[in-house]
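All chains are identified by letter, namely A, B, C, D and E, in their written order; residue positions are counted from 1 within each chain.
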Amino acid sequence: MTQPIDTSIYAAITEAIQAEAHRILAEGEVTAIVGYAAARRKGSAQPIIITDAADSVKLIFTPACVNNLAVYLTKAKKDIPKNGKIGIVVKGCDLKALSGLMGESQLKREELYLIGVPCAGVLASTVCPDQELTGDSIAPKCTECDAHLPTGCDFVPAETLVTPELERKYAVEIARLEALTPAERWVYWKEQFAKCIKCYACRQVCPFCFCEQCLCDRNKPQMVDTTPRPAGNTAWHIVRAMHLAGRCAGCAECERVCPMDIPLNLLNRKMAKELKELYNHEAGFEVLDKGPLNMFTEKDDQSFIK
Amino acid sequence: MEKPLNYSYYPGCSLHASAGEYDLSTRELFKALNIQLTEIPDWFCCGATPAHNVDELLSLSLCAKNLELADQIEGDVAVACAACFSRLKTAQHVLGESAVKRKQVEKALDAPLKLDGNVKHLLEILAKDFGLERLAAAVNKPLTGLKVACYYGCLLTRPTDVPNLDCVEAPTIMEKVIEAVGATTVPWTHRMECCGANFTLSRPGVVIQLTGAVLDSAKAAGADCIMVGCPLCHGNLDIRQKEIEGVYNVQYGLPVFYLTQLVGLSVGLGSDKLGMDAMIVNPTPLLREKNLL
Amino acid sequence: MQPTKQNTFEPKIIAFVCTWCTYAGADLAGTSRMQYPSNVRVLKFPCTGRIDPVFILKAFQQGADGVLVSGCHPGDCHYIAGNFHARRRFAVFRKLLEFVGVDLNRLQFSWVSAAEGGKWVEVVTDLTEKVRSMGPMTEFKELAMEEQWSGAINTPELQEAYNSI
Amino acid sequence: MWPPKKGNHSGLPLPLRPHMQKQITQQNLNILLDSLIKEGIRVVAPHMNGGTPLYEPLTCSADMNTGQLPRRSAKEAFFPVCEDIMTYEKEGQKVTVTDIDPVRFPETVLVGVRPCDAAAIPVLDAVFSWDYKDEFFLERRRKTTIIGLACTTADDACFCTAVGLSPAETKGSDLFLTPLVGGGYVCETYSDKGEQLITNHKELFSDTGGAKTLPLAQPETGKIDLKKVKAWLDEHFEDPLWDGIATRCVGCGACAFVCPACHCFDIVDEGTEKAGTRRKNWDACGFWKFTHHASGHNPRDGQPKRYRNRIMHKFKYYDDKFGQTLCSGCGRCVRVCPVGIDIKAIIDTILNSEC
Amino acid sequence: MSRIGVFICHCGENISRTVDVERVAAEVGKMPGVSFSTDYKYMCSDPGQNLLKNAIQEQKLTHIVVAACSPRMHEKTFRKAVEAAGLNPYLCEMANIREHCSWVHENKEEATVKATEIVGMMVERVKKNRVLPTITVPVTKRSLVIGGGIAGIQAALDIADCGHEVVLVEREPSIGGHMAQLSETFPTLDCSQCIMTPKMVDVANHPKIKLYTYSEIELVEGYIGNFQVTIKKKARSVDEDRCTGCGVCMTKCPQKKIPNKFDQNIGMRTAIYVPFPQAVPNTPVIDRDNCTWYKTGKCGVCQKVCGPGAVDFEQQDQLVVEPVGAIVVATGFDLYTIDEKPKGSPIKGYGEFGHGKIPDVIDGMTFERLASASGPTGGKILRPSDGKEPKQIVFIQCIGSRAREKGISYCSKVCCMYTAKHTMLYHHKVHDGQAYVFFMDARTPGKSYDEFWRRSIEEEEAVYIRGMVSRLYQKGDKIVVMGSDIAVGVQVEIEADMVVLATAIQPQKGAELLAQKLGISYDKYNFYSEAHAKLRPVECATAGIYLAGACQGPKDIPETVSQASAAAAKVMTLFSKDQLEREPIVARVKESGCVGCFACKKVCAYGAVEEKEIRDRQGNLIKTVAFVNPGVCAGCGTCQATCPSKSVELDGYTDEQVIAMIEAL
């Protein structure tokens, strides 16, 4: 059943973002702002980097503002001129990624001006950008969102959100897969990974894939086969999920951008679920000194070890 | 106007039986303080003192199920009985520590555990959540001149790391609460000693000896009365008092109050709303003497 | 040995072990002349902390039917805490493998100290026998043979598949 | 020889004007495909893989689903995502190398190919049969019959009309289907292969009875002046525009991989010390690694330079070399770009800028 | 192209009995890259090693695989032989076909196949081996000793006696530590000061020892062999060079009622003071918090009476930098203070014992001062409350120790013995008194220890009650001790005149702050952690730093002295060479790939990973990357498995080597 989701406040948020962006650019508090702007196709939005206060009117926030802009701040991806503070528009999920990046010494809080967005959800990658936001058209990650309202930002529009309780799509799907036999799960993932063409969109949009040289691009030694064959694809996605375990902030960009519709975030959610159960770790707004896989306690579970 | 506090209320079996006045005074006091108590629907026995000695899984499961029931109601779990409090806290502690036991209990209950709720003794609610300042402000009839021996017994603070109510061996929370409503407390030696608890039925001799030492100590310290937060302690100190006086040929005449009775008195509740008539050692002469009735 | 042996499946077991405890434990099994199946191939590392999950993946891809990772007991690590880090890493990695459909009966973790020659024999024997009863690990091997449809060429098998339609 | 002669480089017959016009019902088309499958011919058609439309070999004609534009283009029928080109084996001191024999490529009928996909294939012929004749491509090309299908719907990412094609473009098709009102198709042949197919199964075809074809799709974009675009590109290798556009680009290969015309590939050896395979797989100019030299130097050291190459190659370099544009307006790159980069919008910007 | 030589050892018959070595040699000879393959009866014998050396030269071999016993047995042997033949020793690998093959399999066919595969793996591995030069680190042959108690003194004297300079740093105005506070020592009842003060004087007079008292460690930089230590000399207000130690200033100081910490605050001292008469150096310190001059700007009596003019009210704290090659940490212990809960610590107090409220409930160290001839009572046991001699005294052991509920689960090790000593001292001084001891069990492992403990019961009439005390309370001038006697199964109450609590040994307050400066690890109680509980008990995991005494865990005097000498021996071993050589199995960072997430740093147990800034020629910061200090790295490789981009690599165990081995299977 289609459950409508109230996004009426997005217009007010857009105005507030524009005003704040204008102020901080005009007052020289930041040198650039990473935000969203409308794009050519109807209802669509795209990332934009503005440096001129006059361009603040271009900034928007709509259910089509799907990107996690944190990716533009990591060094391997983009070089936004680093001669001052940078403003960035962040949803709660994006802010978790920023917190993770700060914990991994990739960013410094004092170099950022965070414009937080109260967000009721954004659209799924499978629907056209001009659709209404509903319980069906919403991005799966938003059904499990616990961070509708970012905190600890420099600026957050004072809007009140109404967020309906939705069926947790990943939890449901993970439970379904967990109930299968290993052989059945293998068949499922084999079909999914077979579609992969190694375009690496999943890697390139991931805020945490900030390595200058990806392990999977190396050939001395060749840890992972680079060709887009089922074997290499499977290895790539396993390694990717493992490298993100304990780091992934759950923005689900990998899954959103996959041109082959591989449910990549399922792997990340599964890892998050395990880390929660094993070590009570959850990605949040807090900047952690050490991720769950960079630390240990003597009492950690070892029931699987003989 | 402050937001009213909400709790799910776990009275426990005693409060529905021998300690009816504790239940009554708790409900009345919280009503007077505008603290919302919602009795947990369909709650049942926590297993009390026998279960964990016989079958640990059963005792954990009973508590876990009660906590699951409590989860339906918004707010932390308020517990009056020190034994119930101890059992619920112990279950949370044990299940929190052991994944194996958690799995066993989950299997027994056939449901995922909900252990996150805070279990709080009434003392904690009064002293910390409601706050001593607000409590003092709510007093209509300060208990001035009443010398109270606060009796903790064994279970309220022990063992280490489980109830986390206060310092394990040298707590002060009872004193703080009762001093906040105007009473005077006496320093005494036996406030943490055992009263004999439910040996009262099987080995009354032990109870007479142990409870006698507690009463002795309170009397020696110059107390007018004893305040408790546990129906078992209350039973021994109050019901057995006459018998002990006979055995040792002494006179104590120490009324034994539940903390909610004394605090209730101070906020102006009448003795009918506090179940004073259910007490064996008649408190009326003392309360008259102190102009509290 | 029995001549029937060549007809039965002999699993390939790869063991990733730390040099200070498990490797020494395996040495002790040797000096004590204990006997165990010859299926295991040992790769020595300074510490379980050095063992990358990718190695396990690679081992399966290269045809291992079972993988063993073994190091020092908690608290015994020659490098203070390498095994503690490894413990977390593999606790998570095995869950991932399980989720993508690898039967975890093929992946064993153990603590074997330098004094536990007997335990080494037990762990290796148990894993070998368990994997033997499970049969070959076909998943990764089959995967290695597969192509995207567009890269496939006519093979007798493919032709047969078409014929059977 | 430089510069190469423009025009046909594949050695294959040029597309002809319609030679034969017939009609086929949906049912008969299915019978045709099923019988081809039975003959051992690989029939590749749009098909729903889970929720994802892809060109894939069919095991049964009923699996064909032409409702949506497949996510990947039809180029992979000739230019696979990944293919083996040779294998090696070492034993003792001896090394044995075995080439893949293109004779083993299967006979294929590619059906339900959209005009934008089909039209890109002759464009690719040029590059794969230029100075080096890529037998892997050409042999697959020879062994494949392409049945095009006119579009009756389009979305706002489609822009075939902008690059001079149309929803009824027959370029590249051996046989072209146009849907009829009430079902069935008009079939037109554009090559001997197409004609052969009809001849071999003539019982399934009937003469055109003047049935009405469905109205064709109407992409919202008008034709653009590709000459003007090229003229601008000729002069603007260095231009601030590149920085502006490509700061957003995150450097993945999604656009190139879904593109019907992009054809860059990489060759890698995979295997062990003892045995292995040399493989050819898709590559993309958006990747940082694409131009990364062994020395560590990278001439295209920023995403703007890499993205510029994409535009230049499509609208200038390929034109310079082969007289054709390397874009058929399918709009796939617009749809899949993670960061909403829109090639049509970029062309518009170029056209609107002062030359 | 590699030219690999493979040598298959028969090990007499140990290998050849179950492995067909000729067949292995033949099979291996066919492997790509192998240019020489042979078998020999005893590879480790001289002729065997010569065979290896000759083959390297004659066959121009580039890499070597010796298939024989466990590398744990002979890897060093063969690497040496290879080095002698002119190859880098790390181009030689051993294939273990004895312990892992011939000895554990009976079937010759199976064992032969397995042996061939094991050798094959090592052949592939060795191809990827790189030339690894031995790592050398220069060594500054000076040592720092932190802490001037018996541990620090012993270590300093041992090192200095060996001819190496020692910098000894002590926080208090005098060296001596806790041992100087003790009255007598078990198990011989020697006077503690009698055996301690000569050593203190030795330190003061030793030409190789540079003593900094009233000083603290400010900063430690560098690594093994090359530390730079910044020491803060706190202002003493007395010029050490001018002061003659005459003590006139102290006799004239008008502030005489300041509790003396050295006497556990039951004795008094002046504002300008030495903590005890035998202090080393015998130079007073002005306690600025209590000095009238510093409080009011008036007085200055000490300055006026000082003949040499040593008193200097203007003196400032000074920072001194000392280069050293090794550090001995000997910071000792503190006693558990039962009436207060240290801030931020999980350790809880004993409110129920009334310590701090009931004046005659004291701790063991206070009893030491009461019993000490040079203490505030001149060695008489007197109650702090009224100065009366206690006739009934109760000692309670395990206060804080082995009390999980209080947050400490360890045994303090010395309390059983010192309580036994206390009962004796008490009995010697109060002949008609009765001592009771509440104890859990008596732990007396040590030479002559149990005899000593028995003596306290059998000859000195102490009554030992097995059981713990629940509560103490004042009743009149008595202290009621409520306890249980679990041997008899009864509750007991004793009305005592004095109660002595054997409080637990804890690390010095702020021990963790020093550890953080040093980069050494510590346990949850803040005791410093040794590198290996059994085999490296005096070394820290951080190379070049050694532990002595109770800072590592509770210890008695003999054990402390032993460990101090052991630490000194370790330092001297380090100083025995001009350059420190170590196996080059260390991690290296490939800076081009490193993105500076410092996951490696987070998992490194040795603190070997540092942050390094990469700058361009103009000096602009390009990026910050990890740097592994080869002097500190222990070579576990946890960093490499953790590094997402594999930009840190452990030499000798590179991914290339590992993958080559896996692919060889």
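Simple rule for what comes next: a residue touches a chain if its C-beta (ideal position, glycine included) is under 8 Å from a C-beta of that chain, and two chains touch if they have at least 3 such contacts.
Keep in mind it's a predicted model, so treat the numbers as computed, not measured.
**Q** Could you tell me which chains make contact with chain C and chain E both?
**A** For chain C paired with chain E, the chains in contact with each are A, D, in label order.
**Q** Average the C-alpha coordinates of each chain, average all protein C-alpha coordinates together, and give the chain whose average is closest to the overall one.
**A** Taking the mean of all protein C-alpha atoms as reference, the closest chain is A.
**Q** Out of D-E and A-C, which chain pair has the most contact pairs?
**A** A-C
**Q** Could you tell me which chain lies farthest from chain B when each chain's centre is the average position of its Cα atoms?
**A** D
**Q** Determine the centre-to-centre distance between chain A and chain B, using the mean Cα coordinates as centres, and give it in whole Å.
**A** Distance between chain centres, rounded to whole Å: 50 Å.
**Q** State, to the nearest whole Å, the distance from the C-alpha centre of chain C to the C-alpha centre of chain D.
**A** Using C-alpha averages as centres, the distance is 43 Å.
**Q** Give, as an integer number of Å, the spacing between the C-alpha centres of chain D and chain A.
**A** 32
**Q** Which residues belonging to chain D are in contact with no fewer than two other chains?
**A** 81-82, 272
**Q** What are the residues of chain C that contact at least two other chains?
**A** Within chain C, the residues that touch at least two other chains are 53, 58, 62, 75, 81, 85, 89, 147-148, 151.
**Q** Under the touch definition given earlier, write down the residues of chain E that touch chain A in their complex.
**A** 128, 592-599, 602-603, 623-624, 642, 644-647, 655-656, 658-660
**Q** Flag every residue of chain C that touches chain D in the complex, lowest number first.
**A** 62, 147-155, 158-159, 162-163, 165
**Q** Using the touch rule from the top, collect the residues of chain D that touch chain E in their complex.
**A** Those residues of chain D that touch chain E are 90-93, 272-274, 296.
**Q** Of all residues in chain D, which touch chain C in the complex?
**A** 37-38, 40, 42, 44, 56-57, 59-60, 76-77, 79-84, 100, 104-106, 272
**Q** Name, in rising order, each residue of chain A that touches chain C in their complex.
**A** Contacts found on chain A: 177-178, 182-190, 194, 215, 223-224, 228-231, 234-235, 237-239, 241-242, 245-246, 267, 270-271, 274-275, 278-279, 292-296, 298, 300-302, 304-306.
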